[in-house]
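In the two complexes below, subunit A is the common chain; its partner is subunit B in one and subunit C in the other.
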Partner chain A sequence: MNVTDLFTLLPLLILGGAAIVVMIVVAIHRSHILTLTLTLIGLALAFASLWWIAPEAPRQVTSLLVIDRYAIFYTGLVIAATFAVALLCYGYFERHPGNPEELYILLLLAALGSAVLVASSHFISFFLGLEILSVSLYAMNAYIRAWSLPLEAGIKYLILAASSAAFLLFGMALVYAELGTMDFAKIRELVTASPDLNRAVLLAGTALIITGFGFKLALVPFHLWTPDIYEGAPAPVTAFVATVSKGAMFALLLRYFYWSGTHHFGAVFLVFTIIAIASMIAGNILAMLQTNVKRILAYSSIAHMGYVLVAFQAGGQLAVQAVTFYLVAYFITIIGAFGVITMISDGDRDADSIEDYRGLFWRRPALAAVFTAMLLSLAGIPVTAGFVGKFYVISAGASSAIWLLVFVLIVTSVFGLYYYLRILVALYSGLAHEEAHAASGAAMVSSSSLAPALSISGGVVLAVLTILLVWVGVYPATLLNIIHSTVGLL
Partner chain B sequence: MILLWLIVIPLIAGVLAWFAGRWSALAARWISLIAASVDFVLGLILWSRYGSELHLAPTHGWVEQVSWIWVPQFGIRFHLALDGLSLLLLMLTFLLGIISVLASWREIQDGVGFFHLNLMWILAGIVGVFLAVDLFLFYFAWELMLVPMYFLIAVWGHENRIYAAIKFFIFTQLSGLLMLIAILSLYFIHHHLTGVYTFEYDDLLGTHLSPHTALLLMLGFFVAFAVKLPMFPFHTWLPDAHTEAPTAGSIILAGLLLKTGAYGMLRFVLPLFPDAARQFAPIAMILAVIGIIYGALLAFGQTDLKRLVAYTSVSHLGFVLLGIFAWNTWALDGALMGMIAHGISTGALFMIVGQLQERTHTREMDRLSGLWATIPRMSGAALFFAMGSMGLPGLGDFIGEFLVLLGTYEAHLIGLTIVAALGVLASTLYALRFIQRAFHGANSNQWSVQDLVPREVVALIPMIVVLIWLGVYPQPIFNTFNSTLTKLQQYTVRPVQNSQGPSIMSLLPLRGDRP
Partner chain C sequence: MLHWLWLIPALPFAGAFVLIVFGPKMAHKAVAIIGPGTIAVSAVISILITYSFITSPPPDHVFVQNLWTWLDVGGFHPHIALYLDALSLLMTLVVTFVSFFIHWYSTEFMLGDEGYSRFFAYMNLFVASMVTLLLGDNLLLLFLGWEGVGLCSYLLIGFWYTDPVNGRAARKAFIVTRVGDTAMTLGLLLLFTHLGTLNIQELMHRAQQQWPVGSTLAVWAGFLLLGGAVGKSAQLPLQTWLPDAMAGPTPTSALIHAATMVTAGVYLIARTHALYSIAPAAQLAVAVVGTATLILAGFAALTQWDIKRVLAYSTVSQIGYMFLALGVGAWSAAIFHFMTHAFFKALLFLGAGIVINACHHEHNIFKMGGLWKELPVAFWTFLIAGCSLAGLPLITAGFYSKGLIIWETRAAEHGNQTLWILAVIGVLLTSLYTFRLIFVAFFGEAKTHVEHKPGYSLKVPCIVLAALSIVGGFVETPRFLGDIHVFTDFLHNALPAVVEGHATGMSELGSELWVTLAFVIGLVVSYYLYMVKPSLVEALTAPAISKALHRFWFSDWGMDWLYDHLFVRPVVWLARIDRNDIVDSFYDGLAFISQVFYRGLRTTETGRVRWYAAGIVLGSIIFVAIVLFA
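Entry: the complex of A and B
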């Protein structure tokens, strides 16, 4: 470890330092806006430092972390998403009684954990990053202690994440017992060099590692926590869980399985195929049965992770780029969607019933238009980033001729349309000529209708995200160039 | 550049209408009307500029192009190009665009700005579909026109609108995705053979495919267009969507969206996969004939006027499909004429039914009788377009159906021709029943409603004029189509072998100076 090594870790150091600074400042003087400002400055500095360290890439820093362009790209994505979530949190927690300041410490730590994950090339850093992320998320999920749902979400996440971490550790131990190394690249060397290794133990270890990944990514059959956490956690925290936590994990999934060469095992490929198909089918069908918007998005996220797995299964350069593109589009879309939910939630409860969205377009056209754009992006309709993402994933699948997965993707994504359209229908219903029909229902709803005070920070975030969504959807060449020149080198 | 403007003008007008609609509904209507009219005038300018060029045999095919690099990483270009086929369908698009703005003038009173945003964006999407010659761009536009159509049905539709809107969206989306797979496969196969990544229509033509692959890819395209067309048995979304949509939505659905399916067959299915299409032609033609008869019989059985008109579309588009797969000059000319005439006569019928509903608040035939006494002008117009729909000589639909039957006969498909001709007979049944039940008889319900107002007359007269023009002097249409037709036939060996024997056509003056 020398100075240059330390220098290349600058983004991680800044994130960690920012968490400490925020913690000390909160201890001295409680101020929501000050805390937010410090958090944003920390994130912005960490983001800026990515440009300083870029010339050093790729660089192996100890055997634990590798700072290559792939890691830099994903760290940037994580930091940018955290930045947006922090802004959304400000408007949301401003409306809540209690102390919101500590949330930002947790947010910074979670970002740090994710950044470690995307840069890790070793089981130890993998596990450390995962735990930094998970422990922060336990507390973030349960941050609003006055409500029962967030507490339930926090406890559930704690128990399930801890047990899945145990599986993951056991899997790592088995692989280590078999191969004697925890370094991804060395695993590949050993696997290719000596094909007579005891594959059963190696496969068992890999299977347990897949369990760990599957839990974090909420893939079927490890998805059971998802709807409850999505529903229970405060809306901006859900946005974080849905994007940063999953995105970082997927980045690591790609690195681990491609670097270690275990993706080429027939059994591993088969398992991922089954998981992808099950996730796409179960996610989409279960989402059709929901009436709660956050639960719909939870199940749809299961399906979307299944779509990304299709690209992952395709293998090769195109797959890495397709996955990355899809994840970027997904980040923009999901933060936007939860941003809208955040904006129209008030201090009493989150806006999660479809009823809360009925006729939103006629009351708040801009918010409804943003939500429409996000939902259409999730459904993969043109002019949105989601369309190009879906196109990219399907082309990755088609180029590798994994037809079964591609067809399941197509058929299930059509089911998916149904529930996105249901939310859309609600957004645009309630025109004057149907008021007569709905009058009886409206009286019932009005007793619990929300009265949110819209926050400026949230509005800015949503505006920026919508512009990005359309820009990527209409002119994807810019993002493709960036992705091509960075993650193309995994 | 003029092609780009054709798309950009409605897009911008839609946004303007949305904003304007918040202050004044009237402003939104006028902005949309002006935008559609400007596009119509631009279309006329293009037609007068290239009319003679299109009449001659093609040199390269496209008379006007816009081509920019869009996504270089994938070889996607923003490439619009115009030939006779797209020009004619564009003219139809703009005409029906104007009509649908007029048709919703009084019907739509809520959310006027947003309504016109959707209306204009559908038009932009349809123009994109007719002009795109990059397959990615085509798919982009193809999907894009769904969303505003969905909103049109789901927000301003009738009682059962949400079911209809979702069904419409899901049917077209699923079939569209199958086409996307076919497009991507073609793209990768072409890259594999030539090392070039491209979605260009002209480059992908003639890609060498094994018969098996070609058949699969052809089916991918075919299903997408067959659902839109709609071909039996993929037609089930249509009666729901047409019936529940507001008048403007029904006009655009029947007049334009169905035509994108027929256009796709003509432009993509047969030229890209000529051998597979020839192999598949018998099945397609049999399904087309089933659609003709089935649509006509179901139309005869309806009591809801909009549903009746909707089922006639299944029947008429069956003729178009039959003509396309017969693939000789007469059949293709007939299919094109069928598309245009159907767009106008069915659009007009939907408009009249919409006006009836606006006045009487019902579409049930049983409750409407003896209307002629109270609204003679509207009844007369309805009779005129019903006659058009049943194929009365002298009106456009007749030319289309006649040429399709002739072309099918020429292709030695006498059995199919006979059955299809029975469809013309069946159309008499539903058309006459429609007139008798709704307009003739005693005015037992004491209807007393307003006859056509000047705005409605202004909308209907051009359609009457065009339909008569198509019926008595269709030659300009065929002339404009000529170069495209020659080009299309060069790409393909005829799917159904055509005999070169003596033909009754040589005796008819219809052919004009065509070879």
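Entry: the complex of A and C
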């Protein structure tokens, strides 16, 4: 490891450094706005450093990390998303009792873990990144200690993530036992070079690694935790779990299975096909009759990860680009959607019941319009980023002729429309209902209606995300060019 | 200069966006600057582009501005591109120019309306959509513009939405044009699937190469596109929505339902003229539809008492002339009439707006009378526009454009004598109903007191348009009157010249003389009936038969009644008896199955960690089993 190596790790170092700085500052002087500012500066610096290190890419830094354009792109995505989440957190935790400052340390660490994940080319860095991310998330999920739901979410996530990590670790061990290497690229060499391997051990190991991925990505049948954690965690943290954690994991999934060549195994392909179909169907059906918006988004995220898997299954350059495009669109949309939830929630509880959104348009037209845009994007309606993303996923699937997956994707998308529309209908209707509500008893209303003070930072984030959403939907060329010139080289 | 083309649709879009987002909180003054201002800049840019297009024409007289590619996957790569040729340039110029004057007029007309900024937001959006429709390089953009103008039309007809009647009129317009739009969508899809491109020029090129003249596909495509054109341009049999569309504010009627949007169908057919040249049956249908419409609407206009409805039927009738011209292959004559019609018909509506405002929102022409002294500007400009509409020989624009169409109906290869005779009768009808309107509304004894006098913003646009209604015709004159062909020469690169047939027994001068005769008869008859002997009108309408006829024409030949009985009631009846229909049960079943699955799957969400962990374990075991034994 020399100076250039160290230099290439600059974004990771800045993220880690920022976490330490914030920790020290919090210890000396508690100030929410100061902590936020330092966090944002750290994230901005890390983001800027991506341009400085770009000329060095691709570079293998030790055998653990590879800083190529793919890693740089996804690190950028992770940092940008964390930046947005941090801004959302500010308005949200400002309204809550308790000290909000430590959350930003965890947020920076989680971003660091995610950045390690997208750059890892080795089981060790894979596992380290995963644990840095997971341990931060345990605490973030349970951050509001005064409420029982976040605590429950934190504990559940801790137990389940730990057990799935055990499976993952065992899978890695099996692969290592058979091949004697933990380096992704070397695995490919050995798998292709020596046909007389004991494939059973290798395959069993791969299956257990899929368990690890499946848990983090909330794919069926490892999805059961999703709604409880989405519902329990504070809204901005849920946004982080839904985007950064999953996006980084998916980037790694792509890298691991494409680099190690294990995606070419018929059995592995079959397993992913089953997972994708099951996720698309179960996610969409489970969301249908839910009345809790956070749970609806949880189930819909299961389905969305299933959609991305369709592109993953297609294989090849188009698949990498389709996955990346879809993930970017998904990041924008989900952070936007949870941003709206964040903005509407107040210091007493999160706005998660569909009833909280009834007639929102008449009270807060701008927020309702943003939420509408986000929901339409999730449903894949044209002129939004979600449409173009889905279009690319389907065309990736069609170009590889995996018709069954494409067919299931299209059919289940129709189911999806149903529950997005349910929220939309609620947004624009229900003045009469509200009056009835008011008549039924003032006491009940005062306990259930939300009256948050809108935060400026959150408003800015939502405005930017909405513009991005339409921009990417109408003029996808910019994003496509960036994706083409970066992740196209995986 | 040509590279500024994208600004023409972009500016009104931007204006609409600003007005939608910030409009409600803006001062009236700011709205009145942003709304018409963006259109003014667009109009100026179109003038500059026209200048540069004429002085230094781009290669092949075509300029394509490729803005960006929306998607690029597997050979499907729709460009967001603008296509500028003489046809789209001319129409864009007229649309932006006329729109600007109507916007300007509206700044005073709509003053005091609580939806002031909303009105300008819709109007800007409309101009942007219309220009997109005109400049679109491919079917996707054309469709976007097409639906955009439809939406704006709906929004503006129902602008005063608190009155349910307006809402109903808006819905009627939307649904009736939707019938045509469906046909058009089918036509576009047919073209796309068989010819494999969305680019309009490429499409026309391939159609001519791949399809022989009269081939079934070409005829089908021609008829389906005609369906769309008929809906948007309010031609037979889908014209019923336009008279009701007068429920919207008068500037809307002037801009959308007279001058610009309703000619979208004319543009569509002119744009796809290559298709019609290989589909003679469809082209003949265009001519027949146009002729039938111009006659029927002429009779309907004769019986109306609402000033705006008279003008609405006259619009339907005049667009019939444009369709007739398209049908006989006189492409540039149709566009010529579009241009002059845009000037005088917009002016007629603006004048009507002043009159209606002055007479306490009175629409009935029989309750007006004697207005020429009270509203001199409105009267004189209205008179000029009316003469142009009726085709006052030699000096008005309408005479030249209509005369050209009628002559080509006789002289062109696809023309014939029957169509010619009907077109001349149409002139007679036009002259009759136009002067009936003018004599009844502006002359005779004053029946109402005028209190609201128009200001400058109302008067200046009228005067400008009045000037255009006269000089607009001098760009194309018959052989015996100067033989000027500036207009046709300009369009020559975009639209083919008329293929002359062998017109026997008629010269251009003869045709124009017949047109003049028809005009004079109409003028004299209506002067006699409404100025000299009004009692004769009552005597004429007294017998039962003429009463019935009057009612029949007044109700637009009973078309609404017919559609109500032919489509609406059967459908409602069917829906009622088919309440529990078998097809529904399939969807109910689907919903039921989904519910069952939902319930079943939901039981897996127990909330217990041990169960969740078991899920992970079970899943792992299953997958290990699959990879080992599959």
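To be clear about the criterion, the second predicted complex is superposed on the first by the 473 of 490 C-alpha atoms of A that agree within 3 Å, B and C clash if a C-alpha of one lies under 4 Å from a C-alpha of the other, contacts with A are read in each partner's own complex, and residues count from 1 in each chain.
Assume contacts are C-beta pairs under 8 Å (C-beta built on N, C-alpha and C of every residue); 3 or more make two chains touch, one makes a residue touch a chain.
Bear in mind the structure is a predicted one, so any value in this text is a computation, not a measurement.
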{"item": "First, second, both or neither for A:V425, with subunit B first and subunit C second", "value": "first"}
{"item": "First (subunit B), second (subunit C), both or neither touched by A:F7", "value": "neither"}
{"item": "Partner chain(s) touched by A:P476 [first = subunit B, second = subunit C, both, neither]", "value": "both"}
{"item": "First, second, both or neither for A:L417, with subunit B first and subunit C second", "value": "first"}
{"item": "Touched partner set for A:W147, first subunit B, second subunit C, both or neither", "value": "neither"}
{"item": "Touched partner set for A:Y176, first subunit B, second subunit C, both or neither", "value": "neither"}
{"item": "Touching partner for A:I381 - first (subunit B), second (subunit C), both, neither", "value": "first"}
{"item": "Residue contacts on subunit A - larger count, subunit B or subunit C", "value": "C"}
{"item": "Which superposed partner A:H484 touches (first subunit B, second subunit C, both, neither)", "value": "first"}
{"item": "Residues of subunit A at both interfaces, subunit B in one complex, subunit C in the other", "value": "391, 395, 398-399, 475-477, 480"}
{"item": "Residues of subunit B touching subunit A in the complex", "value": "70-74, 109-111, 114, 136, 140-141, 143-144, 146-147, 150-151, 154-156, 162, 165-166, 169-170, 173-174, 177-178, 180-181, 184-185, 187-188"}
{"item": "Of all residues in subunit A, those that touch subunit C in their complex", "value": "155-156, 159-160, 163-164, 167, 200, 203-204, 206-208, 210-211, 214-215, 221-222, 224-225, 227-228, 265-268, 270-271, 274, 282, 285-286, 288-289, 388, 391-392, 395, 398-399, 415, 474-477, 480"}
{"item": "Subunit B-facing residues of subunit A, complex", "value": "361-362, 376, 381-383, 387, 391, 394-395, 398-399, 406-407, 410-411, 413-414, 417-418, 421-422, 424-425, 428-429, 431-433, 475-477, 480-481, 484"}
{"item": "Subunit A-touching residues of subunit C, taken from the complex the two chains share", "value": "68-74, 594-595, 597-598, 601-602, 604-605, 607, 609, 611-613, 615-616, 618-620, 622-624, 626-628, 630"}
